[in-house]
Amino acid sequence: MNLTERQLLTIVAEAVLERRLVDDVKRLGAHGYSIGHVTGEGATGRRTADWSGPSVRLETVVTEEVAEAILAHLATDYFPHYATVAWLMPVSVARPDRY
Amino acid sequence: MNLTERQLLTIVAEAVLERRLVDDVKRLGAHGYSIGHVTGEGATGRRTADWSGPSVRLETVVTEEVAEAILAHLATDYFPHYATVAWLMPVSVARPDRY
Amino acid sequence: MNLTERQLLTIVAEAVLERRLVDDVKRLGAHGYSIGHVTGEGATGRRTADWSGPSVRLETVVTEEVAEAILAHLATDYFPHYATVAWLMPVSVARPDRY
Amino acid sequence: MRRVVAPISDPYGLFQRDTSGVIASAVIDNLASAPVIAFVVAAVATLLKADIRLPDGLYSILSTFLLLAIGVKGGKALGQARLAEIWAPLLAAVVLGVVTPIIAFLLLRSAGRLDRIESAALAAHYGSVSAVTFTMILAFLDASGEPYEGFLAGLLAILEVVGIIVALSLARGDGQRWIEGVSEVLRGRSVTLLVGGLVIGLVVGGERLAPTDPVFVGLFTGALTLFLLEMGVVAAERLSDVAKMGWRIVALGIVVPLINGSLGAVAGSVAGLSTGGTAVFATLAASASYIAAPAAVRIALPSASPGLYVTASLGITFPFNIIVGVPIYVAIAKAIT
Amino acid sequence: MRRVVAPISDPYGLFQRDTSGVIASAVIDNLASAPVIAFVVAAVATLLKADIRLPDGLYSILSTFLLLAIGVKGGKALGQARLAEIWAPLLAAVVLGVVTPIIAFLLLRSAGRLDRIESAALAAHYGSVSAVTFTMILAFLDASGEPYEGFLAGLLAILEVVGIIVALSLARGDGQRWIEGVSEVLRGRSVTLLVGGLVIGLVVGGERLAPTDPVFVGLFTGALTLFLLEMGVVAAERLSDVAKMGWRIVALGIVVPLINGSLGAVAGSVAGLSTGGTAVFATLAASASYIAAPAAVRIALPSASPGLYVTASLGITFPFNIIVGVPIYVAIAKAIT
Amino acid sequence: MRRVVAPISDPYGLFQRDTSGVIASAVIDNLASAPVIAFVVAAVATLLKADIRLPDGLYSILSTFLLLAIGVKGGKALGQARLAEIWAPLLAAVVLGVVTPIIAFLLLRSAGRLDRIESAALAAHYGSVSAVTFTMILAFLDASGEPYEGFLAGLLAILEVVGIIVALSLARGDGQRWIEGVSEVLRGRSVTLLVGGLVIGLVVGGERLAPTDPVFVGLFTGALTLFLLEMGVVAAERLSDVAKMGWRIVALGIVVPLINGSLGAVAGSVAGLSTGGTAVFATLAASASYIAAPAAVRIALPSASPGLYVTASLGITFPFNIIVGVPIYVAIAKAIT
C-alpha cells in the first residue's frame, strides 16, 4: 500500500475553548479533526470532569505547513493564558489528498 | 529497557461500523485493540454524539504486515462508502510477542 | 517554530489501577498526563464499560529518561499481574521545559 | 393506558359532525404539548446558534428508557388482551410492513427520480416506524380522552422490522450485506429493548410492575420532552441539508407519510380497531424510522447516501408528523371508523 | 410554588418580634435539609480522601435538568402573573445586574487590592447569579411555608446575563474578546436551558404540563441533593486553594454577598415583592455564578486567574450562601418588608 | 419500609404449617418480579447475540443511585431505631463478617482445591455482601407483606468491609498491598456512597427527606430493574467462563452461600430479629460482593485470577441468590424464628 507522510497534531485544552479551537484549526487549513475528552494534570493543576467539564483532546491529521501554522497560533493565542498542551508526530496515511 | 518497533494503527469510523470493524481487525491478525469515542468533522461533514452515536476511535498495536493488511482491507471495504479515516505510526513496545 | 523531541508514552490499564498509575507516573517524573477511557480486548479477554468500568488510557509527554523509568516500573509492577499495555513514540513539542 | 372494553359506538355522530372544530382544537392541544414545544424551542435556539444541546450520553439514556418503557407498557396491555382481539391487527401490521415500503419505493423511483438503491434505502425508513412518533399519538389520545387498544405497542416491533427487511430486498443488492443489515435490525438495541420491555411487561404483569410505575410510567412524558428537546437540535442542524435536497424529495417526505398513514387507517379499521386504535395504526404507518433503519441501511446499502435518507426522515417527516401529522391521522381515523 | 395573592400583612409583628428565635430554627432547618447535608457529607468525605464523586456525566445531566426545571417552573408562574406585578421586579433585576458587579468591582480593587482585570473577573461572578443557590432559597421558603412570587425564576436569566456584561465592560479589555465573552454567555447552555425552559413553561402552561410534573417537579429536590453531593466534592477540592488565597479575598467572598444581598432585599421590597420574594431577590443578588461567569470570563479576560475567581465563587461564597447566607437573607427580608 | 414494632407472634403456625406451599408461591412471586425478569430477559438476549446493553455510563449512574438510596433509607430507619434494638444485630454483623470468609476460605482450600491466595481472593467476595442482592430480599419481603427491621441497611457497610479485611488477612500476603487493598475498600465508592447516604438519612430524617422521596424512594425499584437488565448481560457474558471453570468451583458457588446464609439466619434470630429481619440477615451473609471485593482483591492480591473470582461471584452466586436463594433464605428464616 502506498502511504504518504502527514503530521498528526494532538492538542489538549481546557473545555471552554472547544468551539474556538475548532474554528481556529479549520480556519488555519485542517480538513478534519476528531475530539475526545480527557481529565488530567499539568502546570495549572488538576482538571476533572465536573463544573467546567473535562478537557478537550483534539487530533488533526494535516500537512506540515498547516501543523506549523496551528502551532504558531497556539503559541501566541493559547499558550500564554490557557491550559493547553500540544504535540506533533509524523504519521502515514493512505489518501494524502484528504488532509 | 529493550524495546521493539511495532505499528500503531488508529482508525476513526462512523459508529454503526463498530462491531464489523472489530471483527475485521481481529480476523486480519490484531491481538488486541482499544476503542474510544470521538466527535469530529471531515469530508462527510460533522458527526456529533446523538442519534447515530459518536464515531469509533480504534487503536491497535500490530506488526507491519498486519497493519498493511488492515489498511488494504479498509481501502477496499470502508474508504469508498464509509466515513473512515486511518493513520499509521511506528511505536516502541516492551513485549513484542504480544502484538 | 522551534520544536524539541520528547517521548509520548501511552498506557492502557484496567480501571482499578487508575489512582495508583497516576501516583506512579507522577512520582517517576512526569509533569503532566491526560486520561481517557477505552474498552477493548487483549491477552486477558474483553473489557467493557460495566461493573469494573472501562480501562484507563493514560498519555504522558515526558523526557526519554522518565519514559524509561516508567516503562521499567510497569515491567516489574504491572505487566506480570495486570491487564496493561504500553507504547512509546517520539513527538515534537514547542515548550520542552514543561515536560 | 385505557383498554377499550366495549367497541365505541358514536350514535349521535359527535366525532363526525363537527370534525373540523374538533381537529382545530386538537391541533392546538398537540402543538402546545410539552414535547412539541420543547422540539420547537430547541430547533429555534439551534437556528439562532445558541447551544441548548443535552449533555453527551443523555440522548442514548433517554432513547433506551423510552424504548423499554414503551415495551413494558405494551407487554402489560398484551397480557390483558384476548387472542381474538389481537390476531387481526397483527395480520394488518404485517401487511402494512410489506405494503408501505413498496409504495414508498415506487413513489421515490417514479416521482422522486431516485435510483433503485437510494429508493430502497429511503423506503426502509418509511416502511419501518418511529417509536417516538408512536408515543406522540398516544399522548395526544390520552390528552383528548380518546381510548385505544393498549396492546398496539406489541405490534411496534413487527412494524419496525418487516418494513426494513422488505425494503432491503427491493434493493436487490449484495446477499451477504442483506443478511448483515437484517441482523443489524434484529440484534440492534431499538428492537431488543422494545421486545425485552414487552416480555418484561407480559411476564411480570401490571400488578407486580406497580413498584416500577414511578419510573416506567411516571417519568415517561418528562423523558419524552427532554428527548424531543435534543431531537429539535438534531432536526434544526439538518435544515441546511433539507434546503439542499431537491423539492421532489421534500414533497415526498410529506406525501409518503400521508399516503401510508391513510393506508394504515384503513388497515386499522378493517382490523376492527377502535377510533383511537385506528389513529395509532395510521400514525405508525405514516411514521419514518430514524434509528433502526439508518443503521441497517448503512450496513446493507453502503452506497446509499445517509445525507438523503437521514435528512428526509429526521429533518422532514419527523417534524411533519409530530406537529401536523398526528392530528391529521386522528381526523382520518375519526372519518372512517 | 404558591403565588402571592394578597400582600402579606403582619399586623402583630410575628416575624419581627422574635426574629432571633425564628432565624435560629430556620438556620437549623436549612442546615439539616437534604441538599445541605449532602454537600457537607461529600465535602467531609473528600477531605478524608474518600471517593464519593458521582460518575462522570451525571454532573452535567443534573445541571442540565435543574436549569430546565427551574425555567419550566418559572415559565408556568410567569404565565399566570399579571404584567402589573412583573414590571417593577424586572426593572429592579436590571438595576441589580448593573449595581452589584460595580460594587463588587470597587470593593475588590480597594479592599481586595486586586488589579483592574482580576477585579472585573471576580465582579462578573458576583454580578451574575447561581441557579442552585436560587433553588436553595426556594426550598427553604417552601419548607417554612413562606409564600413568594413564582415568576422570579423568570428574572433569573436577566440577572445572570446583565451582571457579566457590566463586569466585562469594567475590565476595559479587548473589544473583540468582550464580544466573544458576551456571546459565550448568551449562547451558553446555562442561559439557553433556562430560557428554553421558561418558554416551554410559558407556552405549554400548567395544565398541559401536568404529565411532565413527575419529572420536572417530582425529581427536583432529589436531583438537587445529588448535585450538591458533587458540589461538596468540588468545593472541598478547592479548599487548599482557599487556604493559599489572601485573607482579604476570603473576607470579601463573604462581605460582598452580604452587601449585595442587603441591596437585593432593598430592591425587592421597593419593587413591591412579598417577604418571601424579597428574600429570593436578596439571595439572587448575593449569589455568585460558577457556571456562566467563569466560561465568559475565561474567554473575555484570559489573563485573569481562574484559580482566584473560581475558588472565591465555588469555594467560599457558594458554601457560605447555602449554609449560612440563605437564612440571613430571609431575616433581612423579614426585617425590611 | 415498615419497622417492626412488636415481635411477630405466629400462634396458629401459619408460616410454619404449610411452609412448602408458601415457599412455592413466594418463589414464583420472586421469579416473576420486574428485576428478576429483566435479568433473565437480558441474559437470554445476550446468549442469542442480541444487543440489549444499557448505554455506557448508565450502569455507574444506576449503581451510584442505588447505593445512595439504600443508605438514605437505612439512615432514616436507623434514626428511628432504639439503641437497644441495634446492638445485638450489629454485633452479629461483625461476627458474620469474620466467620463467613473463614468458612468460605476453608471450603475453597479443601473441597475447592484452590491455593491460599486464590481461596482468600474468593473468600473476600463471599465474606463481603452484594447491595443489590440485599435490595432483592427487601423487595421480596415488601411484596409479600412480611415486616423487617429497616435499620439493617445500616449494617450493610459493616458487613461489606469486615469480610474483605478478614479474607485479605487470610492470604498472608504483602503487608503494603494489604493496606492498599483495605484502603481501596474503605475509600471506594461502594462504601462511601452507602455511608454517605446513611449519614444523610440519619441527619436529615424522614420528615425533611420527604421532598426527595420521589427520587430516593419512588425511583428505586425501576432503577433496580434497569440495573438488573445490565447485570443480566454481564452475567451471560460470563457464562462461557463458568463452563470453563471446574465443577468444584461451580458447586461451591452455590454451597457456600447456602451455608453462609444458614449461618446468617441463625445469627439473625439469635440477635433477636424478626422473621423478615432474619431473612435479610441470611441473604446478606449468603450474598457475594462483585463491586467492592474485586477492586480490593485486584489491588491486594494481584496474582489471584479475576477470571475466577469475578466469574464465581457474578456468574454463579449472584444469579443463584436472586432467583433461587432469596426464597430459600426466607424459608430458612421462617423455619427457625
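By written order: A, B, C, D, E and F. Residues from 1 in each chain.
The criterion applied here is as follows: a contact is a pair of C-beta atoms (placed from the backbone, for glycine too) under 8 Å apart; a residue touches a chain by one contact, two chains touch by 3 or more.
Here the structure is a predicted model, which is why all the values come from computation and not from measurement.
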Checklist line | Contact distance in steps, from chain C to chain D | finding: 2
Check: Along the shortest chain of touching chains, how many steps lie between chain A and chain C?
Finding: 1
Next item on the list: Mind checking chain D against chain E and telling me if their interface is mostly the same residue numbers on each side, over half, or mostly different?
Entry: different
Check: Upon optimal superposition of chain E on chain F over Cα atoms, what rotation angle is obtained, reported to the nearest 5 degrees?
Finding: 120
Next item on the list: Would you mind pulling out the distance in Å between where the CA atoms of chain A average out and where those of chain E do?
Entry: 36
Check: Which integer distance in Å separates the CA centroid of chain B from that of chain C?
Finding: 19
Checklist line | Multi-chain contact sites of chain F, meaning residues that touch two or more partners | finding: 56-57, 60-61, 214, 218-219
Check: Can you list the chain C residues in contact with two or more other chains?
Finding: 36, 89
Next item on the list: For this structure, give each pair of chains that are touching.
Entry: A-B, A-C, A-E, B-C, B-D, C-F, D-E, D-F, E-F
Notebook entry, point to check: chain F touches which residues of chain D in the complex?
Noted result: 57, 60-61, 64-65, 68, 186-189, 191-193, 196, 199-200, 203-205, 208-209, 211-216, 218-219
Margin query: For the complex, give me every residue of chain C touching chain F.
Written below: 14, 16, 20, 45-46, 48-54, 80-82
Item checked: Contact footprint of chain E on chain D as seen in their complex -> 29, 32-34, 37-38, 41-42, 45, 49-58, 61, 139, 142-143, 214, 218-223, 225-226, 229
Check: Hey, which residues of chain B end up touching chain C in the complex?
Finding: 1, 3, 6, 8, 22, 26, 31-36, 59, 61, 89-95, 98
Next item on the list: Using the touch definition up top, name the residues of chain A that touch chain C in the complex.
Entry: 12, 36-43, 55, 57, 68, 71-72, 74-75, 79, 85-89
